[in-house]
Amino acid sequence: MNRTRVIGEEAPVGSGSTWTHRRLLPPWLRREPLSLWLAAIAVAGAAALPVLYLVVRAAESGESAVDSIFDFDTLAILWRSIQLIVLVTLGSVLIAVPLAWLTVRTDLPYRRAWAVASVLPLAIPSYVGALAFISAFGPKGLLQGWLEGPFGVDRLPDLYGLTGASVVLILLSYPYVFLTVRATLWRLEPEMEEASWTLGRSPWQTFRRVTLPLLYPAIGAGALLVALYTLSDFGAVALLQYDTFTRVIFNEYNSAFNRAVAAALSLVLLAVAVSLILIEASARRRARYYSGANAARRRRRIVRLGRWRLPAFIFSSLVTLLALGIPVFVLVYWLTRGVNAGESGLFDWGAAFTSVQYSLAAAVVTVIAAIPISVLSVRRPGLLSTGLERFSYVGFAMPGIAVGLGLVFFGIRYATGIYQTVYLLVFAYVVLFLPVAVGLIRSSLLQVNPRMEEAAMSLGRSQINAFLTVTVPVIRPGLAAAAIMVFLLTMKELPATLILGPIESRTLATSIWSAAEEAFFARAAAPSLLLVIASAAPMTFLVLRERSRN
Amino acid sequence: MTTEIPNFLARRTILMALGLAAVLVLVIACSSDNNNDSSENSGPSDEGGELIIYSGRSESLIAPLIEKFEAATGIDAKVNYAGTGSLAATLLEEGDRSPADVFFAQDPGGLGSIIELVKPLSDELIGRVPDWARSSDNLWVGISGRARTVVYNTDALSPEDLPDTLEGFTDPVWKGRIGWAPTNGSFQAMVTGMRLIWGEERTRDWLEGIVANEPKVYAKNTPTVAATGSGEVEVGFVNHYYLHRFLAEEGDGFAARNYFLPGGGPGSAILVTGAAILKTADNAIEAERFLDYLLSAEAQSYFAEEAYEYPLIDGVERADMLPDLASLSTPDIDVSDLGDLAATQNLLREFGALP
Amino acid sequence: MIGLPRISGLTGIRRKPNESVTSDIALRCTGVSKTFDGTLAVDDFDIEVKRGQILALVGPSGCGKTTVLRMIAGLEVLDTGRIEIGGELVASSGRHIGPDKRSVGIVFQDYALFPHMTVDGNVGYGLERKGKSERVEEVLALVGLEGLGKRLPSELSGGQQQRVALARTLASKPDVLLLDEPFSNLDAGLRERVRSEIREILKEAGTTTVFVTHDQQEALFMGDLVGVQVGGRIEQVDTPERVFHRPATNFVARFMGMADFLPVDPLGNRLVTEVGPARAVPGFEPPESAPLEVMARPDDFVLAPLEDGQGVVISRVFQGWAYTYEVELNSGLRIHCQMPHLLTIEVGQRVLVNLRRDHPQMFFSEGHAVPEVPRYGQA
């Protein structure tokens, strides 16, 4: 069983290994186990199901779908979506990159706390965040109320429209970029920056010419997530009164007989998403930036901020205050108001438990499903593997309702056994959040020297074994980050959960939604806070673990 | 040179992964059990049947009612809560294989879109509600009534300032002071009614006039009322009962009140929530019992007291603070006609009210 | 020699030294110490390297060599002591000039090439725009990589990458060049060839070099000066010959090659060991009342098979042109002796062991050489 093997040697006949039939495969397939390719294709195929659904439905509507797609108004709204995406992506990068650098490389006090606080906005569903913002900063919101007394401010300028939508979405989605950049910063070989320094470049020049370019892949991956998230967001833009393409689609779906048109429009959305993915891909160069084996062991260089400490502190505080402080404050405010008004039973522990279960399941399954695609796209970059990886991104861009209905379509016809059970729901989560996991695992793998695995293989381990014992421990932070991201996203996912969830189950997200629909703000606040707290725990864990390893 | 190397690490990683997976499976299995028992108060007796309800009405409102139903009948009711529109879409997708028995919708539009999937109800059931509160072919029955109204900010306005009919709001003096939610089902039902009562031309004029006054757009009724209360807008076109929810949560200090248009017209239309039994229902008997319960005094009082909606059966009084249904100048339309949303939406889209 | 001027101070990168004032000593460290987390990593480090010399710092892993290198480069701050480069004080207890302001280049163990830049980009990285491309071409030619300017580091072999790293540092003509274990990444077969090529390049460029290694063969080959460092301290700095033949301590002796130490009994003015008399330099004075030892390398012994010899051959290693025998003496002490291959002694055979008397040996007492010459060598 543990018979060791030299690379290239064929196992003797009858040993039961898969190596014997490798000669029948074309060379480009031979080097990675066939099972890996099959797994990757299966996962990508699963992600394709909702797309198939959209195509089928859209085909039904024929003429009217084509008309509505090429309608001038539709295109005008598409343009609005694009404007929003550009602003949000730029803003997120501008906030996240300095923040990531500050929390990894400098002597900013309480770095770990800042890191956790910087990521937590991800836990806040966009509609809750938007609602909180309007409540706080709206023309007649909390802030205005406070200012009215001493300053006589009757009305604040409203933040509806592109400005408000951009600001809120930036604050809620910059953590995507923050996480990917941070992960890469930890793994950057410090010698490169030291080399630049000794070659006469100041620390700032070093950052600009060496560090930053090395961060581009990570920034690109994070920015893509932000862009896709913005593209598919509905809740926040609706509240902030900014019409986007996704709103059109949602409206179509909610008038059920327009499913066909909605499907056609969803395909347009997909097309936009695909273009975004292609843009990121072309910006991403052959990023084989792997660090040496002992990169992690070298004492990491800390930049002393000196007189920049105060500005850095202010910057971090401002971001955290706006992105996390305001929503939490408003939620607590609503909650206390409800408690004072005598409401009870506000904390739905059952829903919290269910949310955590679903999210854990989704996290584990998604990460495992993401590994084949990630590995293949990094180790064997070629048409097929890159195509699989790019394809897995579409799930993130599709409106949750499309994914949900798509799986209803397939589930009710071909998989009645698991229809309306946890299993199909977790499947939906995998489809939705696969790209997040793939992106994070890829970034992590890019930092690993494939020679390590080959060294292990030359010492007699099988390929799987070498991967598990040599590479996996090194990419563990990436795997953990991927799992935690999927956990967070699943915790706040709404439309697919509503459609596909087992009938009696309640998650925190659905509780929030149903309470907010009926203006039970206190009842919406409690699960929202639980959501943030439940997401804070794994986030903190991840950040603290990062530190101790490095 | 070949040497034996123990595979501790590989084994350990695989074991860990398997362990995690095992825990996962257990956890999921337990969770589905847990959720099945989550309705603690109900002790479904052995003879009680099962019932699957798709409810477009929110859980926070309906769940207590469901519990009472289960306690009273011993039927184990499983409810799928989601938006009316997306439930309708789901039902259409599910088609013949749908597991649902009952569809409980927030507004007539939702019922209208799945009208092909439901079967006629018994005369007795239908007979409990007024004629105008049920579908013409007995395909669905109204459960509670909601009046369209205009909510206004009491700090800025008093009833004398407000026009008698909706058309009054097209006056340019109302520019920038109106809030509405054109994506909302009830609003669209009202506009459908408008088309029926006023005709297409007049409806278009009204839409044009309101749009010219640059109304603030909200996603739903709730934010509209909230905005009116805070003074962000001064009037809003909503359903009547939202205000009462705000009053209950924030007290009488909430600076908004309902204004029922004395001039009548579509702005005062009474909409209904409704329920229907699906053709694919496996538990038709239990479904009937559920509708029967919804139209019972107990449930109707619940809607009156907890949701501030209008009960539809005889013998149950509305909540005190609501104006009498009869006193409202309700237009004479058949709610079942309000189910035709397609043309309304196209109209709204034409004027840019819908994206 | 390349006659381009030093990089000027326009970008504020490098200082412009006044040639006539430049001292003969390119690098001087005095009493440099550094503590990491309570452990003394570098202890009272003293060194002087003349312009154009190559200093090989050798010692076991963890002895602080890399830390010294990093302090010279300015990547670590010293605790006490002084570092002067080209006559300018760059580091002391109260002063620390950053690496970007020092005229020091460092080549890391994994080369640390910028993966996102071409070879040209890497090599020209520290240069000003003016004259950059000519200088880059020049330096690439110097290291033998002409024409590879447009390649990316990932497209180069390990040896080529190393040369790019070297070229990159040489491009701006630093006062001192630092190499951190430059050959440890190469295969053994390649190592020797690369070593001599690199040495040639360094000599041609005339750069003062400090390079760090744990391989004593390398140090002996590459260095004009060899510094043996252990436990953060310099044990000896001398020419390769003197470090090898005239080690200052037992440790240095053992580190630089196989060495055995035999107790010596100073009977009168004769120095007697278990294997016979040992010869000293004329005028040698053994320390009073301190134990004395003589150092003998494998080529200092002579073996002859003899039935009642004082030693028994324990093992034998064939090295092609010679055998190295490990012999256990009657006292239990083991010594190593290298004998030409023409004589073959079997394991287990008894042998007569003698010390050669054709050259004087080195004597040690309590770990240190009994002085014949001053402790620090002169180049």
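We call the chains A, B and C, going by the order they appear; numbering starts again at 1 in every chain.
Everything below uses one rule, namely that a residue touches a chain if its C-beta (ideal position, glycine included) is under 8 Å from a C-beta of that chain, and two chains touch if they have at least 3 such contacts.
Keep in mind it's a predicted model, so treat the numbers as computed, not measured.
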Problem - Overall pattern in which the protein chains touch one another (line/ring/star/complete/other) - result: line
Exercise for the section: Find the most central chain, measuring centrality by the gap between its CA centroid and the centroid of all protein CA atoms shown. Expected result: A
Exercise for the section: Starting from the mean Cα coordinates of chain A and chain C, work out the distance between those two points in Å. Expected result: 52
Completion exercise
So, in whole Å, the Cα centroid of chain B is separated from that of chain C by 84
Handout entry: Rounded Å distance, chain A centre to chain B centre (Cα mean)
Key = 32
Handout entry: Contacting residues of chain C [partner chain A, same complex]
Key = 7, 11-14, 73-75, 98-102, 104-106, 108-110, 112-116, 125-126, 154, 165, 168-169, 172
Completion exercise
Per the touch rule, the chain B residues reaching chain A in their complex are 2-7, 9-10, 13-14, 17, 20-21, 24, 27-28, 31-32, 34-36, 38-39, 52, 58-61, 78-86, 88-95, 97-99, 109-110, 113-114, 183, 185, 216-220, 222-223, 225-227, 230-232, 242, 245-246, 249-251, 341-342, 345, 349, 352, 354-355
Completion exercise
Per the touch rule, the chain A residues reaching chain C in their complex are 189, 191-192, 194-203, 209-210, 213-214, 216, 285-286, 288-289, 292, 301
Exercise for the section: Would you pull the chain A residues touching chain B in the complex into a rising list? Expected result: 2, 4-6, 73, 77, 134, 138-141, 155, 158, 160, 238-239, 241, 243-244, 247-248, 251, 253-259, 337-338, 341, 350, 353-354, 357-358, 360-361, 364-365, 368, 401, 404-405, 408-409, 412-413, 416, 419-423, 459-461, 464-465, 468-469, 472-473, 495, 498-499, 501-506, 510-511, 514-523
